[in-house]
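In the two complexes below, chain A is the common chain; its partner is chain B in one and chain C in the other.
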Partner chain A sequence: MISWKLYLHEWRENGFYWLLMIVGTIAVKVLMNFGLFPEELFSFPLILSIFAYGILCTSPLAKERKNNTIYIKKSLPVPGYVHLLVKIGWLMSSYVLYLVFWCALYFRFIVGEGDTVFLFSDTGILEAAFFLLAPFFGIVLMQFSYLIANYVAKFRSAFSFWAFVLTFYLVIRIVPLVAKVFEFLPDFAIAGTSGSYVSSGFILAVLAVSVALLFINGKLWDNEPAI
Partner chain B sequence: MIKRFGLIAVMLVLTAVMILDFKINEPFLRFFESMVEVDLSARSEMQTQTIEIEEGERLFIEVDESRLNLEPTKKKSLTVTAQSEDAVSVVRSEDGIVLKVLEGSVATVSLPEAILPQVTAYGASVYVSVNVAEIDARSSYLSLTDVKTGKIKAADSYVQLTNSTPEIIETTRCQLEIAQAEAKKDQIILDATETVVNVSSVALVKGNAQNSTVSLEYVDEVDLTVKGGTLRVRRTENNLGLHLEGTNAYLELGDHFSRITAEESEVTIKMLRTDAELLVETTGTEISTNVVGAEGPNFSYVRGKDAKEQTLKTQGGILRLYSPFVSM
Partner chain C sequence: MLLTATDVTKTYFGKPALRGFSYELDRGKIIGLLGPNGSGKSTLLKAIAGLIPVDSGKILVDGQKVGVRTKNQVAYLPEIDPFYQSHRVIDVLNFYKSCFKDFDTQRAEALLEELALERNQVIRSFSKGMRVRLKLVLTLSRRAPLLLLDEPLSGIDPLSRDTIIKAIAREFDPANQSIILSTHEVFESEGLFDEVVLLEKGQIKWQGHMESLRESSSLKRLLEEVYL
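Showing the complex of A and B:
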């Protein structure tokens, strides 16, 4: 229940940015209808939203610190990883909502008239795994590089970027090793290729590393150094 | 303080390791290798035989209910890899070399660049990434990647072309998927009968389609004769030349040059730009439009200054002309 309240709090705190993107997307559509914006650039709001969400990955964390709400959150009887998971949950759910809205608004441009839309293709599970796992991993990694930068007093942004690169390197080294553990699991065939598969072990390894990072992030959140 | 400097020291060491690792190994490659797996278990047990072939010598490959991969090689000889030596039979004759892949086999043929094989496939899966002289496929799955020459004939098959521009593609009762990932510069010449054709990102599409379902997207130039079936043209860039007979067509027209003739067809045209120019000549055609100035049995719709010439001649059938910017 407390997680749900924290989730709603995320909406109250950051919902403005989401609303701003919705308004911007509607504005582009209105301009398009009046012929003031080229129709070919219908994906422009979506590209902009991807950049916006890239920034939003860590800004809710920074905002907590700036507004001193981080101490209220820490006083709650909830472990750190729950706070971070709630933030990830908000980022992903709000983006899915935005995507649904964008698709509905530009449906005519995406699929054209009379086309059949397949929500799930043959490799639907594979696509879903990638589309959910990639942002989850990305957000966790960015949260980690943000939280680790709290250990230094100066040049935090540069340090954060450095930590991001190193962690990413460690992950690409660790994932193949962990993937071997799950090698016995069945793989997903890639449609249209001759005998190529996506290893389900790889997907599980990325998931395992992401979850491990989430718990490390939780510890970093709980034991933030006083600098 | 200890924590801070300890962390920085660890990160420095890790950075050095990372730089060395990137120089010596290929961590990204290992990472992606762990993601995509290619089934090599069968290949490891395979037998490879080398066949000497002279430049200009003809090569005929016959595949029946089997899988064949055609790959390029820099060697001057031909290599055939299959699960056993019996899976492939090689016969030399005066006409050239005849290579037969026997039923239920998997074979990979590596070819020198100068050799252009003539492939006949029945009920087979054929993956081609070399230039060919001709492919004749029936009830088969045919995938062509980076194939620049040859004549493709297919019936009752699924044909997929990626970055491939064979000289002509003849299909009957097929599904044909054409997509170019590279910069669009090549042309596709089609002769499709009762085929579902999906073309995307190609410089030029020419030819004929009979009783087919044709969909073209991001095509620079179109020169097609379509008889029966349906045609959908979206997001074309430049020239659009169409001759339609008894066709149900949906066309999006921008400011590119277009010349369309239609006989007894049901044509829907969406004007993508309000400043586009379209000259329409119709005889006995039922017309519905929301475009201002485009009324009457023989009408001419002209707007804008810089628009390129677009003409439409229809005889019989139905014409729907509309602009999304004007309410109906």
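Showing the complex of A and C:
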């Protein structure tokens, strides 16, 4: 299974950053235990990790190009979208692992004393969809803005930024239209509200747009004009 | 035909690299791809390997349009160093073995020994010559029909060059393979070539057998102008 090998490869190449976040999170907890870090800021490592993962969305791609390892990746008999999906898989799975670790370390602060913990409420599908789909869409969009910039010779950063903004705007406009196709599907109730619902069509539309963008990214990867 | 290129054109952001390149290659030949810097040698090899798309024309490898499938038919040795620096030799070998079905581990082990590379050495500690030798081990260990070697002798001391040329000649399987080797070291590697293709500004300036090149004083002068 080449995909699995590539996934393990991602861990080997980028696992250091993940380990760094784990060590940082433990360090904050140790400082907290010694009273050197305010307990109210227990979510500080988590917020920091979100920023770190924002950078990691495209930096492994850029690193392949910078270190010329892209020559190896592009020589493999694997379509571009698989390479990108492997990177998304690593980002999401490593982040889930980090989240589990963070939750375990700061469990007392998250739930408080005497609280009951529900991993998923009665609208678990909605929560799971949000927590998986939002990062998936975000990573795919960032990969798109990075890859499309390789098609221009100059001003790549500016081009990448505007590609991100314009594509995001387009997706916002397209998703409601696609959602209408799935209108016949049941809605999800939002927890803690009476009578508020989210259309499952909306979730499916975001998923459809994200998958379409992933395949476009695959084509962009395969057809980069120069390496 | 193992390789068919028809009217291939490639530009890099407006700058032409290949201009109407056409060529056919069957099995059993070692082709010397010669030409000055910027003549389109590396671009041509990258396009055949499927690393970059061409603007127009078509390239077929074993009758198939260049793409994901043809990457199983082509073993490509890039000019630059493409390795993950933290990896050991054995890690790279295992990675290639898991990615390419035609990767011959026994052949790789034998080549490692011959080219004086150790399995547990970390690539970060490698000299330029060792990196080239490792690239060669990885490429020659594949039983792919078409081998593309982009400047395998560049920056290598004469003794190592000789070892590399001998290794290429010995591992070549004329019944099933062809090799395209681009180089600037024409006079050292000429014994290896069955045919030579001389590129200039993305076009074939001359092609033919090595013997005719040796016999033709005007062509020899041309090569000397380009390379010396």
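Operating definition for what follows: the second predicted complex is superposed on the first by the 220 of 227 C-alpha atoms of A that agree within 3 Å, B and C clash if a C-alpha of one lies under 4 Å from a C-alpha of the other, contacts with A are read in each partner's own complex, and residues count from 1 in each chain.
Basically, a contact is a pair of C-beta atoms (placed from the backbone, for glycine too) under 8 Å apart; a residue touches a chain by one contact, two chains touch by 3 or more.
Note that the coordinates shown come from a computational prediction; the quantities given were computed from them, not determined experimentally.
Student: Touch test for A:Leu166: chain B only (first), chain C only (second), both, or neither?
Tutor: After superposition on chain A, A:Leu166 lies in contact with chain B alone.
Student: Is A:Gly35 in contact with chain B, with chain C, with both, or with neither (first, second, both, neither)?
Tutor: A:Gly35 contacts chain B only, not chain C.
Student: Is A:Tyr197 contacted by the first partner chain B, the second partner chain C, both or neither?
Tutor: So A:Tyr197 only meets chain B here.
Student: On chain A, which partner touches more residues: chain B or chain C?
Tutor: With both complexes superposed on chain A, more residues of chain A are touched by B.
Student: If you lay the two complexes on top of each other, which residues of chain A touch chain B in one and chain C in the other?
Tutor: Shared contact residues on chain A: 152, 225, 227.
Student: Under the touch definition given earlier, write down the residues of chain C that touch chain A in their complex.
Tutor: 12-14, 46, 49-53, 68-69, 71-72, 76, 78, 80-86, 95, 98-100
Student: Touching chain B in the complex: which residues of chain A?
Tutor: Going by the criterion above, the answer is residues 33-35, 39-40, 112-114, 148, 151-152, 162-163, 165-166, 169-170, 172-173, 175-176, 179-180, 187, 190, 192, 194-199, 201-202, 205, 225, 227.
Student: Within the complex, which stretch of chain A touches chain C?
Tutor: 2, 5, 9, 12-13, 67-72, 74-79, 152-153, 222-227
Student: Would you tell me which residues of chain B are touching chain A in their complex?
Tutor: Touching chain A from chain B are residues 3-4, 7-8, 11, 14-15, 18, 21, 27-28, 30-31, 33-39, 42, 67, 69, 125, 127, 143, 160, 232, 234-235, 250, 272, 274, 325.
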